[in-house]
Structures are given as C-alpha cells and as structure tokens.
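Below are two complexes that have subunit A in common, paired first with subunit B and then with subunit C.
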Partner chain A sequence: MAGRVLVVTSGKGGVGKTTTTANIGAGLALLGRKVCLIDADIGLRNLDVVLGLENRIVYDLTDVVEGNCRVRQALIKDKRTDNLYLLPAAQTKEKEAVAPEQMKALCDELREDFEYVIVDCPAGIERGFKNAIAGADEAIIVTTPEVAAVRDADRIIGLLEASELYEPRLIINRIRPQMVRKGDMMGIEDIIEILAIKLLGVVPDDETIIVSTNKGEPVVMDKRSRAGQAYNNIVRRIEGLDVPFMSLEEEGLLTRLKRALLGHS
Partner chain B sequence: MLDFLRQFWNRDSDSSRQIAKKRLQLVLVHDRVNVSPSLLEALKEDLLEVISKYMEIEEEGLEVNLDRFENSVALVANIPVRRLKRSLEQGRLS
Partner chain C sequence: MARDYVAFKGTKQGLVLWLDPQAEFSDIVNQLREKLSRTKDFWQGVTVTLKESQRKCRPEEKRQLEEVMGEFGMALREEPEEVVSIGKVQEDQSLMVDRDNALIVRRTLRSGQRVHYPGSVVILGDVNPGAEVVAGGDIIVLGALRGVAHAGAMGEEDAVVVAFRLQPTQLRIAHFISRAPDDADLPEPQGPEIAQVRNNLITIQSYST
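Right, the complex of A and B next:
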C-alpha cells in the first residue's frame, strides 16, 4: 500500500492549521481510513493536546529521525478511533535536528502502512516549513478572511510551486457569513478570486470548536456542530467525493439580489 | 430592517470587505513581482534622469507605482511636466 502524504500549511500562525489537521485526520479515520498525523512543529508541539493525547507521549519525531527508537514505538494510538495515530513533535529539541531528506524518508516509510499521512506544518517559511513539505504529494492551505492571512497564503502558494507541489487546495477558516453579507468581511468569492486556487472547504467561526478543543476532542466527531459538518465535507472531498458546499459557503441571497439589481459586485 | 436597508444603500466600495480586498490585491501585486521599495526608488531616479533630458518635470509630483490592471501588472508613472525643451540637441547636450 502506498498512502497519500498531505501537508497542512498556511504561512501565518494562528489560522487553525493544527485544528484542521486534527479534524481531517479524525474525519478520515471515522470513514475507516488508516491515518497517521505528524506534528512537524518542533519546539511548539500542539497537535497532541488538540487530540487529547498529551499524556501518552514517550518518543517523538526527533527520536525517530535520530534512531533512538523505531517509528512504531513513537506512534500514539488515538483513544477514540482505532485507525488514527499521532507522531508527536519534540518539545525541547531544535528544528535543525531534522532535515528535509529525513522527513521525506519518514513519510515514505509511513505511507507503506497508512492510507493517509498528514503533516501539520509550523507557521513561517523557514526550516520547519521546508521539513513539513519535503515528503508531501499534496498541500492543503488554511487561511482566514483577513488581509494578512490571505497575503501569507499567497506567498505559500508560490513557495509550494517552487518546491514542485502544484495545485494546493484551500480551506477558508473562521468565516462569519453574517459579516460577509453585511460587507464587513471578505467572502469566499473574494479570496478565491485573489488566490486563484481550488477551494477544498469553508469552516464557519463556531464556538463548538473552542469547546471541543478545550476537551481535546476533534469537533468533526460532534454531529450537531456546523464546523464539524464542514470538516466532514472536507474529508469526503479529500476522498474524491463530489460534496456540495454548505449554504454558509454560498454568498447571501441579498448580495446576489443586489448584484442583479445594481449590476456590480 | 436597518441592516436590510444598509445592505441596499451602503455602496459596495465603502464596505470594509471591499477595502480589504483592494488592499490585498495591491499588496499582492508587489509581493508577486517581488519588487522592493528601494528598487522602485532607484527606478524613479533613473526615470527622472532620462526624462529630464527631454523635458522639465516636477520632481516632487513624480509617482511611480506598480498597479493591477485587469489581470496583469502595470507600471504606472505619473510625471507632471513643467515645460518641454526646445530641441533634442539642447536636451542631449545638457
């Protein structure tokens, strides 16, 4: 078996890369896929707490790369789903301890056993970014409807292209449809037009994410959550299914009406 | 109801959504062509030197910028002319 290696990246920090990685991983696992998540944010490990696995870590990514243990020993099995595993980042070591070639070799080793290997990329465009994308075949870019986040996403698209990772797909996180309709927030069409890349999904700004993150449970497992539904749709699109976008992902009726009446956007 | 009216009567271009979009488009023009402000400044000085051979221009009013035009990037220069020089020779000699 040769699984797919995906990297979740954004450039800017704080837009929701780790939450996105956790939810995509958990969502794919719920569909029965065998998934391994890699936290590539060395020194600022977070994916473990988002998944509620922080108490189970023995070995980490750097230990694997340095040969202190075998990959299997470092993998932590998720407590809720059978086929989700985490390879945590080292918290006390330097980013330089891992090289892009080593990451690539690791991803290739893991894809023999897993259908999906998903790498959570650190913020920035330095070594950590280069490590995270080294072994990936596909990239997912996370952004929020803010000037700074979209600007950084654009930079990342360029850097990915330079590393021969073409056609990344975009997740727009924390959108507030009401604000978009009032003209107080950039909308999906605005961002897609500017970045000119394919949309993978849109996640609404939703309090249930905060609640589930507090508990260390991916929101994708919460059937009643709008954000959870959005992640579920994203996961099925990754699987190649044609999933229509939720109503919040469309522009408001009024915007369309106004456009029809006034003839401009 | 107020919101409803606002949505209809607020002009689109005034909304912070449109402002954000425009700012972003402009900043990306610069990011994508990878031009630093110092490079633009150097270009401005060179332009000034060349054009001064042919006409007298207002240096303070000189503006050189990269701009977005449809789907491409354009170099837009706004150069106020004070007066044209009488002959090319004179221009070249000076």
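Right, the complex of A and C next:
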C-alpha cells in the first residue's frame, strides 16, 4: 500500500493550519481511512493539544529521526477514532533537529502503512517549512480572507512550485458572509483571482471551532456545526468526490420553509 | 573614455563581469566605478559573476573589485557551478539597454519572486503583489500587474509599462516613482493601460492600438 502524503501549509501563522489538519485527519478516519498526522512544528507543537492527546506523548518525531525509538512506538492512537494516529513534534528541540531528507524518508516509511499521511506545517518559510514539504506529494494551502494571509499564501505557492509541488489546493478559512456582502472582507472570487489555484473548500467563521479546539475534539465530528460540515465536504473532495460548495448564507426561517415546500435549495 | 575596459554581460549564469585583458587594472577600477555610479539604483542587491577566462585576477585585485561593487550594494562571486534563477538571460548579450531584446516569462510571478533583465520583459501571466519586475527597457504584462514594476531601470525615460490590468503597488520608470493612490475606492481599470513619463510625471492612459 502506498498512501498519499499531504502537507497543510500557509506561510502566515494563525490562519488555522493545525485545526484544518486535525479536522481533515479526523474526517478521513471517520470515513474509514487509515490516517497518520505528523506535527512538523518542532518546538511549538499544537496538534496534540487540538486532538486532546497531549498527555499520551512518550516519544516524538525527533526521537524517531534520531533512532531513539521505532516509528510505531511514537505513534499515538486517537482516543475517539480507530484509524487516526498522531506523530507528535518535540517541544524541547528546534527545527534544525530534523533534516528534509529525514522527513522524506519518514513519510515514505509511513505511507506504507497508512492511506493518508498529513503533515502539519509550521508558519514561516524556513527549515520547518522545508522539512514539512520534503516528503509530500500534494499540498493544501490554508488562508483567511485577509490581505496579509493571501500575500503569504501566494509566496508559499511560488516556493512550492520551486520545490516541484505543483497544483496545490486552497482552503479559505474563517470567511464571514455578511462582511463579504458589505464589502468589508475579501470574497472568495477576490482571493481566487490572485492565487489562481483550485479551491478545495471554504470554512465559515464559526464559534464552535474555538470550543472544539479548546476541548480537543475536532469539529468535523459535530454534525450541527457549519464549520464541521465544511470540513466534511473538504474531506470528501480529497477523496475525489464531486461535492458542491455549500451556500454560506445563513438560513433564515423563510428560506428553510421555502425549501421544505418547494423541495429544493 | 575611449575604450570599454569593463562590461556587464547577461548570460545563462546571470550577469557576468568582463574585464579587458590588456587594460591597466587601475583604469578598470576607475571605469567600473564610473559606470556603476551612472545608474546606481539599478545595481542594488545584484550579484555579478567574475569572468576570468580572458583576464585572471589576483586575489588583491578581486578584493578591490568587490570593494567598489560593495559601495553600490552589489556582490561579486566567482564563476559558480550552477545558478538557479527565474530570469534566464540569453547568451553573450551586452548589458547596454537593448529594448528589442525581450525576456519572455511564461508564468505568473508570485509574491517574493523577482525578474531582473537589462532588456525588455514580457510576462505571460500576472505579477502579484509582492513580486517585482525590473527591466532596462519596457515591461509588458499580459495579465494583471499588481506588484512593483520598474521600466527603464538604467535611465531610459521613454520606457513604458503596459498591462492588461494595470494595478501596480508601485510603478517606476527611470528615476520617476509613482504609487497606487491610498484611496482604495478608485474604479478598477477596464482593459489594457499604458504608463509612461510625460512632463516629468508618470501618466497612465488606456491603451488602444
């Protein structure tokens, strides 16, 4: 079995890379896929916290690379989903502790056992970024509707091309339809026009994300959350299904009534 | 000065510094300084490769060259094994502005990417915010120009910038600089536009043939 290695990256920090990684991973695992998440943010790890697995860490990525343990010993099984595993980052080391070639070898080893290996990339364009993309064959870019985030995403796409990672796909995170409508926020079209890459999904700004992230439960498991629904759609698009983009408009009573009566959306 | 003791040439390896094999070294240094000071803004941050196939330099001489170039923010390097650059330049072409010779870039320039060419530059794609095009001649963008463009970078005031959508962060022609207005509500340009220097001002008008 040779699984796919995906890297989730953005350039800018704080746009939701880790949350996205956790939710895509959990979503794929819920579909029955065998998934391994790698936290490549050595020294500033977060993925374990978002997944609520922090207290189970014994060995980490650096231990594996340095040969202190076998990969299997470092992998942590998720507490809710059977098929989801995490390879955590070291908190007390620095990015330079791992070299891109080592990451590539690690990804290739893991893809033998997993259908998906998803790498959570740190912010920035230095060593951590180079490590994270070294073993990947697909890239997912996360951005928010802010000029600075889009600018950094653009830079990242250029760097990915230089590393021969072509056709990355885009997730626009934390969009607020009302603000877009009023012209106070960049819209989806504005972002696509600049970045000119394929859209993988749009995640609306949603308070349930903050709650779920703090509780260590990926929002993708929450059926009522709109962000969770958006991540579900993204996961199915990664699987190759043709899922239409959901309407970002808040559904009022009237629209829901209309839909119920007319039988379409 | 009657003869050129010093020449910059564009090659596949980027810019190359050629030195006259017969000339006195002091003349070379003087001419180099004079040449650079004529167009000093152009050279900031440029790295040049020293070509030693015709004239071998002593370490002491190399240091002197480096010193002069350092004054203009340039770096000198020995002939490298391999250079990665997006702006590939044609073999043995004099750096004298040659606007009929254009570099064609068949891609979109993204933030952080930079094209630097002594002749004219044609971009088949967009120039995104954060990207930069510097040309000795004209700049033509068959797409949206949203980054920084500097045409006539070595002093050609009649150089022009043309784009399907001209929305640059900053526009420079020779030593003239203009920037996008701070008022963001300006209407978007409809169709191609041309920027050129008129009465010591960069002016923009719609481009029609």
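Just so we're on the same page, the second predicted complex is superposed on the first by the 248 of 265 C-alpha atoms of A that agree within 3 Å, B and C clash if a C-alpha of one lies under 4 Å from a C-alpha of the other, contacts with A are read in each partner's own complex, and residues count from 1 in each chain.
Following the convention adopted for this analysis, a contact is a pair of C-beta atoms (placed from the backbone, for glycine too) under 8 Å apart; a residue touches a chain by one contact, two chains touch by 3 or more.
Keep in mind it's a predicted model, so treat the numbers as computed, not measured.
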Problem set entry | Larger contact residue set on subunit A - subunit B or subunit C | B
For this session: Would you sort A:118 into first (subunit B), second (subunit C), both or neither based on which partner it touches?
Result: neither
Exercise. First (subunit B), second (subunit C), both or neither: which does A:234 touch?
Worked result: neither
Exercise. For A:194, is the partner it touches subunit B (first), subunit C (second), both, or none of the two (neither)?
Worked result: both
Exercise. Given the touch rule stated above, what does A:158 touch, subunit B (first), subunit C (second), both, or neither?
Worked result: both
For this session: May I ask you to decide whether A:107 touches subunit B, subunit C, both, or neither, giving the answer as first, second, both or neither?
Result: neither
Exercise. Which positions of subunit A sit in both the subunit B and the subunit C interface?
Worked result: 151, 154-155, 158, 194
Problem set entry | Residues on subunit B engaged by subunit A in the complex (per definition of touch) | 3-4, 6-8, 10, 12, 15-18, 20-21, 23-25, 27-28, 31-32
Problem set entry | Interface residues, subunit A side, partner subunit B - complex | 145-147, 150-151, 154-155, 158, 180-187, 190, 194, 254-255, 258, 264-265
Seminar exercise, completed: Per the touch rule, the subunit C residues reaching subunit A in their complex are 108-113, 126, 128-130, 144, 146
Exercise. Where on subunit A is subunit C touching in the complex?
Worked result: 151-152, 154-155, 157-159, 161, 193-194, 196
